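Here it is: the structure, laid out below.
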Amino acid sequence: MNIWSALEPSQLINLTIIVPLIGAALVVVLGKYPNLRETASITIAVILFTLVLSIADNTFNQVGMATTWVTLLPGLEIAFSVEPLGVLFAIVASFLWIITTIYAIGYMRGHNEENQTRFFFCFALAISTVMAICFSANLLTLFIFYELLTLSTYPLVTHAGTDAAKQGGRVYLGILLSTSIAFLLFAILGTWVSVGTLDFTPGGIFTNAQSSSFVAVLLVLFCYGIGKAALMPFHRWLPAAMVAPTPVSALLHAVAVVKAGVFTILKVVIYIFGIDNLTEIATADVMLYIGAATVLLSSCVAMTKDNLKARLAYSTVSQLSYIVVGALLASSIAAAGATLHIVTHAVGKITLFFCAGAIMVAAHKKNISDMVGLGRKMPLTMIAFAVGALSIIGLPPMAGTWSKWYLVVGALESDKLIIVAVLTISSLLNVAYLLPIPIKAFFNPTDQNPQPWSWSETKEAPLPSLIAITVTTTACFVLFFYPQPFIDLINLIPGVSTTMKGQS
Amino acid sequence: MAEFIDLVLLGMLAITALRVIFLKDLFAVVMLFGIYSFLSALIFVNLDAVDVAFTEASVGAGISTVLMLGTLALTGRKEKTSNHPALLPLLVVGVTGAALIYGSLDMPPFGDPNNPAHQHVAPRYIEDSPQEIGLPNMVTSVLASYRAFDTLGETAVVFAAAIGVLSLLGLPKRDRQAIESGLKSHLVLRVVAKLIIPLTILFALYVQFHGDYGPGGGFQAGVIAAAAIILYALVLGLPMATHVVQPALLKTLAALGVLIYAGTGVANFFLGGNFLDYNMLASDPVAGQHIGIILIELGVGITVFAAMLSIFYAFAGQAERTNIQ
Amino acid sequence: MSFIVDYYNYWIVVFLMMAGFYIVISANNLVKKIVGLNIFQTSVFMMYISIGKVSGGSAPIVAEGITTYSNPLPHVLILTAIVVGVATTAVGLALVVRIKRAYGTVEENEFEDKEDLI
Amino acid sequence: MLEQHFPVLPIVLPLMAAPICILLGRSQLAWLFATLISGLSFFISVALLLTTLDQGVLSYALGGWEPPWGIEMRIDVASALVLCVVTGISSLVLVYAKESIAKEIDRSQHTLFYAAHLLCLTGLSGILSTGDAFNLFVFLEISSLATYTLVSLASDKRCLTAAFRYLVMGTIGATFILIGVGMMYMKTGTLNMIDLAARIAEFDGNRTVNTGLAFILVGVSIKLALFPLHMWLPPAYTHAPSAVSAFLASTATKVAVYVMVRFIFTIYGAEYVFYTMSMDIILLVLAIVAIFKCSFMATVQSNVKTVLAFSSVAQIGYMILGISLVSSAGLMAGLLHIFNHALMKGALFMAVGAVFLRTGSVDIKAFQGLGRQMPLTMAAFAIAGLSIIGVPLTAGFVSKWYLVTAALEQQHWIIAFLVLIGSLFAIVYIGRILEAAYFQKPSEITEEKDIKEAPLLMLVPMWILVLANIYFGIETSVSVSAADAASQWLTQPTATMGAAQ
């Protein structure tokens, strides 16, 4: 599997960041030749994936990888090092980038979008920053690339250039930058001034020298500062960003942005606070219940939305809080569940978004109420939608089952029965807002009311989109039957384990 | 006695200042300012600052007043009644004044020879400068040698002012067709002016070169020389004056003066001294000081003359232009 | 009483300064503002010259039979300051002339009414 | 041979060059000459900085008269650092000015412009180099007079009222400083800063000395546009010619901040100012209010130059905040921000000037759709704007990092938080302009015209500053170590400062 074994292992990190940048440059250079441009995009995406696989291989073989770029401030470097959590996220992101690129080609061409070169350029930039986030060795590096990710995705959100898009972009940029500067940077500075280091360290960096109330405040600042995790009430940017083209939504929701958010939360909890220390932090429970409340509230909001993408957006808000909840449960098994949920939610949600986009391209429908009977015209798409929905809900034989399982076990382990209840209720709510869509599409008769489009025009989505949908749908199945590589990876994370304490 | 004169003069100043606040006729305001300036020059004399008095009289009462009158000719002499309440200014002034009074409570007593200001730094100027510099006028010694860099700065300020005024108002064109000055028809004025002007220029030269021994120096000389030409322009009209001293020449002169001053300073680099260290200009340090001071006073004189005159030209040219229109 | 003798000079000077300062900040007419500025500065010069006075001293020019001289340093400083003052006055008045030409008025409230200064 | 005279050369060179510019008479020649002289001054300043980093302080007795009898040029790391900023920006602005003033200033006044610019540079360099309190006043007035002239050179008539207001406020400020210096003189008998410091240290709670300090601080606050004495600044920067705005915004107020630092730390001593007089609280409150009020004002303006002007006042708040934290780290953050802010504001004003050159307007409407028409200019604006916001990998982030760290070290949690909140405003006011440039259709101002990219002579200095923003945002060792050395030097006990000749 390690086709890059000839390279110095630490060079791989640099390559994962630089290769997408090269891709971005190629996209600009080849901007006038769409076919070449897209070929370049996909090739680069595949190369990146193989690089990440090599890193994963090295990680399994316990090969340490680290690199330092520059010393930004005395004692603080832009530095990268590989640890299993980052590898896991990198695998997900780089794999889905390939799929999203394929899908985007179909979508953008099907939609005749303008500024495609800018689109693919920013797309590549975004994935480059995501790679940097994955492998950041300290909070400062992570913060820097976290901000750059916000900036590089902003043009994607406002891609359409309409007033609605600009408004959405404003909210997106406003909330993400504000929270990160006001809270996250503040928390990082506070940590730096009091502890003197920002390096990610297994077991956390806080010692007894810091007062517990101080650490408690920091935890709150971190949780809210990482606005990309969309914890209520700072979740508004996510629905606002729905104005973006669907591949962007897919990228934001499944691959890059929101996952970078929850990834950061996991990373902070595991490597800055330390999972075991969470029980001593007074505000951990507060944030836990805020997370739980977000899970339920946003599920309820999702039910009221008729716009498919808006419903999916609120569903994402809810699912992200699963991960936050898992991280804050102070249980190694819940943390494992949270980590695994990054993977399973990614494949499930990206499938749903791909389907939404396919429906938009092929049938020009945005609202759920218009999709009645659509299953007969777009069977593949709607089957995929059903699979994705089941995975999100967490029913076997879909990938989502495992992550929810571990989360519930973790909640039980830490005696938080309320959380168990929340997770259960939330699953029911998932059923209520997701499943009716494919059911109505297949089993209800075609809507006979006069419509502004004709049914005869409607056909299946473009081929590249279908290929992408098929791949992610398959992944939903495969990960149920064969989650082992990811579980092995998760077990490598210090302090995180898929087995109960006391069991061997 | 000196204190009594001081008190009387200060009282007159206070009355003048108060009148200025309440008068609406700007012509009177400017005249009162001229009086204010003269009175303060008298106080300066009374307080032994003869050089300062000389300068204040020629600048404050002379040039400034002329410029203000020139401006009034263009802008009108009546101040409109202001309608916004003066409460905030009163408050600001009250607080500032209170702060100053508070600060004055620990000031050294007026005129006490034991004051710190007379005990440190200054004694050297009084005791050693006649030997070190070789000049009886200590003010000139300090001005032109110990603190010559301040004076270079001062010359630069004058030059900057000239540049500012020229850029704002521009110089009058020399070849404009001559216009009759209203004053030209006054025979008495014309004759007196013709008598006074050469004397004034002579006096300027005296002040320029005698500044080392008595009150005066390049600055006062430059102002007086400029005043002579200003008088000429007032009586015989601006076009006549610009024939005598051409505006373009003034620009060059003003620049040259600064260069002479700074050049004197730079020359010392090559003689092994610091900037403005005149000791190196001759084999004997005192002689060197003398040469240096004469040179820089010349620079000051030229720049001040040229700058003041071109500023006057600029204002007068504006008035002329308005008259034509 | 000695208290007053010691300080009367400074107090009157403070009064003069404030009179000038008041004119600067309250006057509506730009020419009057400049006059105020001059009065303000001239009064500050008086404060400096007062510092330099030595009772029973004479002007700091070496002369036979005189042993006490007033302090020459403040005189030098104020010579410079007077020049700075006249330079500022000249530029200020030139601006006033231009403002009159551009706005047709030199009353501050009148052109503030016409357009915002910012 | 000339090396020993370096401390005085950054003053003397432009001072002599100014009259020569007048004598040269031709715009092109004057431009070339002024640029060369300014560049030369910059190299001398860099040499001075390197020397002072190595040796601590350089003293140069003018006229060969040893201080306190003569005037002393006294250059330490702080002065050399700001001197580098001033001369460096001046050189870049002069390169930039050629094309810019061709449109904005009448042809006959070009030589006057260069002369006034050089005089302004003379004044600023003099303020930075001098070790004499009264000499500082003289140079302050040179730079101020030149500045009034520069502001009034613009073709828009509103520049006149702006310049007049600036003149009145500036003169009041200078006169206040004069009063303060007089009070110090009457209690100590000296004007040399080091000598003053030694003698003032003997007084404790003397009313005259206290009042002198108060007057100096108020006077300097007017000059540096500290809230609420800032009202002269927005009109002046808005209506001045673009090259002048770029120069003043990145140097003049910075030099005034330097003067405040000099008076507080070198002459009076931080202990006296902050503990005896409790000035830190006043400065702190004013700085915070400035940050919020003026950042907010910046978000509601439609004239982009006004936006940047208000932003400048807010940024000065950050510098003063750093000073008022009463710690070496805080002072260092303030000094570092002087340096970094000059880079950002210079680039921003230059970009706006380029837009004015091509569109004839600096209204936000003129920026609509410019991202496509003037890609390089707008990219420069965008990067410099991100630096103002404080986005990582730009110079602005480094400033902010140190400022907040300094506040946190003093346990000022709320202040640190407020600083960060304050920078959110920058997102709004910079974001508005960028959104107009990149995501809006050209407005009626720009629609009809065929708008080209700015000329090379404007782009090069602009991009040098932009790249400097990025360079000093990543490779911070140079700027940070210089600012650190400067603040260490300034906060050491006064006694040792006097000893190190």
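Per-chain residue numbering starts at 1, and chain names A, B, C and D are given in the order in which the chains are listed.
Everything that follows uses one rule, which is that a residue touches a chain if its C-beta (ideal position, glycine included) is under 8 Å from a C-beta of that chain, and two chains touch if they have at least 3 such contacts.
The shown structure was predicted, so the numbers you read here are calculated from the model rather than taken from an experiment.
Trainee: On the document's contact criterion, could you list the chains that touch subunit C and likewise touch subunit D?
Mentor: For subunit C paired with subunit D, the chains in contact with each are B, in label order.
Trainee: If you average the Cα atoms of each chain, whose average lands nearest the overall Cα average?
Mentor: Smallest offset from the overall C-alpha mean is found for D.
Trainee: Going by the average position of its CA atoms, which chain sits the greatest distance from subunit B?
Mentor: It is A.
Trainee: Quick one: subunit A and subunit D, Cα centre-to-centre, how many Å?
Mentor: Using C-alpha averages as centres, the distance is 45 Å.
Trainee: How many angstrom between the C-alpha centroids of subunit B and subunit A?
Mentor: Result: the chain centres lie 75 Å from each other.
Trainee: Could you put a whole-Å number on the gap between the CA centroids of subunit B and subunit C?
Mentor: Spacing between the chain centres: roughly 13 Å.
Trainee: Indicate the whole-number Å distance between the mean C-alpha point of subunit A and the mean C-alpha point of subunit C.
Mentor: 70
Trainee: Could you list the positions in subunit A whose residues touch two or more of the other chains?
Mentor: Residues: none.
Trainee: If you look at subunit D, which of its residues touch at least two other chains?
Mentor: Correct list: 134, 138, 141, 145, 148-149, 152, 179, 185-186, 191.
Trainee: Two-or-more-chain contact residues of subunit C, please, as numbers and ranges.
Mentor: Expected reply: 17, 21, 25, 30, 51, 73-74, 77, 80, 84, 87-88, 91, 95-96, 98.
Trainee: Connecting every touching chain pair, does the picture come out as line, ring, star, complete or other?
Mentor: It is other, because the touches fit no line, ring, star or complete pattern.
Trainee: Mind listing each pair of touching chains for me?
Mentor: A-D, B-C, B-D, C-D
Trainee: Show which residues of subunit D lie in contact with subunit B when the two form their complex.
Mentor: Listed in rising order, the residues are 1-2, 5, 8, 12, 15-16, 18-20, 22-23, 60-65, 68-71, 108-109, 112-113, 115-116, 119, 122-123, 126, 134-135, 138-139, 141-142, 145-146, 148-149, 152-153, 179, 183, 185-191, 195, 199, 206-212, 214-215.
Trainee: Going by the contact rule at the top, pick out the subunit A residues touching subunit D in the complex.
Mentor: 70-74, 78, 140, 143-144, 147-148, 151, 155, 158, 161, 165-166, 169-170, 173-174, 177-178, 181-182, 185-186, 189-190, 192-194
Trainee: In the complex formed with subunit D, which residues of subunit B make contact?
Mentor: Subunit B residues touching subunit D: 99-100, 102-108, 115-122, 124-125, 145-150, 152-154, 156-157, 159-161, 163-164, 166-168, 170, 251-252, 254-256, 258-259, 262-263, 265-266, 269, 273-279.
Trainee: Quick check: in the complex, which residue numbers of subunit D touch subunit C?
Mentor: The touching residues are 134, 137-138, 141, 144-145, 148-149, 152, 157-158, 160-165, 167-168, 171-172, 174-175, 178-179, 182, 185-186, 191, 234-235, 238, 301, 303, 306.
Trainee: Within the complex, which stretch of subunit D touches subunit A?
Mentor: Interface residues on subunit D, with respect to subunit A: 386, 389-393, 398, 401-402, 404-405, 408-409, 413, 416-417, 420-421, 423-424, 427-428, 431, 435, 438-440, 474-477, 480.
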